[in-house]
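Okay, got some structures for you below.
Each of the next two complexes has chain A plus one other chain: chain B in the first, chain C in the second.
So, the complex of A and B:
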């Protein structure tokens, strides 16, 4: 498994196993002396799943690592063990799920990468958008959708939104590769609006299809 | 989560839905959005030569609270001067509609929308009192 994404110094330091007090690597899931499961350490989602941090990840590798780790750490395996071991395996499994769900989805992965870079991509929920071009584009698209009277018209809005999402994700990959984080932040916001549009278009299309008895 | 009766009323019978001609000199347009939920809100005012808001329209794509907040604001601003309209606070909106804490941002959006509409109107008329921070929001309405 890939462990190149180590923060400085973490590899060299050693922690005591909670059970036998023996020396354990901070990355170890199990104590090398007594084999007790260890509590989850404060590492980022990429490190937890043994991946290099970045927007473009190998999804097959993500799946492999996640399911491999989950097999070792699943609480079902610790049903007959001490309370501490049950608790730690639960905590480990929860952290693994959180890491997996975040990295699997390109949008959530992008927001998380921006957060790691010290940027508040999700920003303050009370904040408002003041990018006039984005707002104008969203308003026009939502109005076009509201005016759609057949499921085919709503479907056309959906197809356009999905194409825009696909090209937005490609642009996002490039922005991250070139480390243009301001651009990445703008793209994440635009993608949020596009996802919402696609979601509404899907619902509207289904409603129209139902009422037309299609 | 249950909506208050006032929210339901504005949601089911929204006041002043529609649009005004944003190219007209007497019209100010505010366009704002909430990054967290992908909502978008447009609020427009028509101002008389005496500086009184004589009409207001809105179009909001968002949740019930966002629709109710913008509907309420269009009712409140009619008959007010620009200065009076600018004093509308999100807390007044939230209180009137009994918005729960998770929906407070909808009232913030409505407050920002009316401020942006007033700023747009002022920018069209070259009002020097316009704050630099509002210029970006104000310029949106003057684009083709």
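So, the complex of A and C:
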């Protein structure tokens, strides 16, 4: 995955540590000389969590790295420290949380990968659907949901949506593996619609179950 | 001196300088009772009075002579002089006037004050006090208990709050601690603290649910415990549902049995106390008889456990429904939950245990006293924060945070159950040509309409340069820190001149009011503040000395002997200043050391860049990607 332009300037290979004022690596979390926590640098989520960019990631590894980094950087480790150290640790932990939340969810990960490739897959989060096939599918599913009168009927819509999501994610993995980003973009749109549908089906099912006193 | 210079610790492991004899405690500031505990080398101990009592009733009595009594002594006075005694004040924390008036209808509170903005005040014992001040009185008693038992000064604490507490209630709790002369190391969610107590005790691994039903609040949290990491997956609850509501059901029945009668606030107190006694008795017994002597008329009331259960079952069902939602949020089924931890006095009720067991399909864990488990967890966390620890708590924000947009619709910025700390931003634009200001209304809650959510703060972003409608780009950033407290900043980004406003939402209590309360309530408040500022200056000075020492350790050859001597002198002067108590002298000496090492720092950077250049051809091959610009 081609990520970002690489300005090969001096400033990108040495930065000054805010605490001891000496040279520090821009990728260091702590100054190698004085041990002070450094502010987070602008790296992508994969780099931040020490993973190779791509749709297929090892979730256990993601978690291991996330926990390991939070162990060092979380504000709880800086409770009695100076204002600067507290601030940088909070910023570091915030960035780690954002990276982790983005990468652990297949859909958000896909959207993020497309964004890194310069494609705005999430430009409109409410997503107006322009693909006629998807539009048709969406209308039919919504109709089925609206007509569901028992929680079992709503449950059937939910089960189908969840199955479609699972196969959609498998398709997405393949599209990324084959670097077919147009296809990936399409699949992301469909998955977005499907997860909204699943959410509505879940809510509708719960409503019907409640009113039936189940 | 030299041993200080090279005393470098692992990140996060440096002991607090000048910690002295002080010790950090864990405080469970409860609706009905408060508990304080301390942990030493991972061993928690609940601090008890001479009679062995751990619970300090969260009840305050205000005497006409200015005396303040807290705890069991205050509770004894409820029946004699209810107008001077206040309980369950936690239910009012961070509440607006409308909320308090609603609750005041049920509880013996007399609300003082008008519709003006500002924190509500309660008329009590001839005084007019905010919930923050009353809570501070409770915390002062808790602090005194800890200091008596430990024989040490207590200045720092981890204070627990219901996970479902909103931002205003959290801020109010932190303010109360400040008023009581306690620095809050961290606000920790009660269920998370309970899990911490269990996790360390049992070495538990896997998914656990913590069901916390206290006097005034209900919380349910789902946590994953793994290798010392406590990760909250989802949390939910009801900040106004608890054992007090059970008491009300019983009280209403007793009053109905007596026939219609207009009651004084005193009589309401009395009925509620009797109702609570009845409820507690029926935990161990099948039936009982109680007596009410109100306004000179005596009445007898019989109640059986099945009758009590019929009255409270709908309330318990509400907690189970919330538990269902939280599990669904986390995408977890009840079978996947490995254990259920019970917290809060109300979980002693057999029907609560039965319904929880039925829902999760297993008997809940209650080996640690449900009244003490939260304080134990808080104490462990207090030790972890001050002495370092291998465990890590990763918590989430319980309620979604958003902004009001056109038509009173809420635009969510931070969804509930986001791990904290977190920061998220959203862009908005103007809707009129030449619009110079924008009103920002911050709300918290899950509903889609503003009027159904909790309003946290309103402020105006001023000085937007004149532009056509829709041209301005206003970036609103929400930041939630590790205590779960929110800061909001708004920024106009299209023009070179950036306008920024930050607000710290707090329900009605302004910084000025806070300062005034500190002055009024604490004779030593000024000393306290000065001591804190002095401690901060010392921490900063110490960091500076360690940093320069570390730099000298690697790059001392860049200095001539006279230069080195100058720096050593500056360090010695700063070190000497730190031993004294003149804050300004410490700040000046810190500044002087910075100045003295400026040239040294420049030479170090030069050397670093030269080294980097030499190694760059190799290093650039390793790079997969590089930041656009350093500094996020």
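FYI, the second predicted complex is superposed on the first by the 197 of 214 C-alpha atoms of A that agree within 3 Å, B and C clash if a C-alpha of one lies under 4 Å from a C-alpha of the other, contacts with A are read in each partner's own complex, and residues count from 1 in each chain.
To be clear about the criterion, contacts are C-beta pairs under 8 Å (C-beta built on N, C-alpha and C of every residue); 3 or more make two chains touch, one makes a residue touch a chain.
Here the structure is a predicted model, which means the values were calculated and not measured.
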Practice prompt. Tell me which partner A:134 touches in the superposition: chain B (first), chain C (second), both or neither.
Written response: first
Discussion item. Under the stated touch criterion, which partner chain does A:155 make contact with: chain B (first), chain C (second), both, or neither?
Written reply: neither
Practice prompt. State whether A:44 touches chain B only (first), chain C only (second), both chains, or neither.
Written response: second
Item to complete: Going by the contact rule at the top, pick out the chain A residues touching chain C in the complex.
Response: 3-8, 10-17, 19-24, 26, 30-31, 33-37, 39-44, 47, 52-53, 67, 70-72, 74-83, 85, 90-91, 93-95, 97-98, 100-101, 202, 206
Response to the item:
Touching chain A in the complex, chain B uses residues 31-38, 40, 42, 59, 61, 104-105, 108-109, 112, 136-137, 139-140, 143
Worksheet item: So in the complex, which bits of chain C are touching chain A?
Response: 8-12, 14, 16, 185-186, 226-227, 229, 328, 381, 384-386, 388, 392-394, 418-423, 479, 481-482, 536, 539-540, 543-544, 546-548, 550-551, 553-555, 597-598, 601, 604-605, 607-609, 611-613, 616, 619-620, 623-632
Practice prompt. Enumerate the contact residues on chain A facing chain B in the complex.
Written response: 122-123, 125-130, 132, 134-136, 138-139, 142-143, 146, 189, 192-193, 195-197, 200
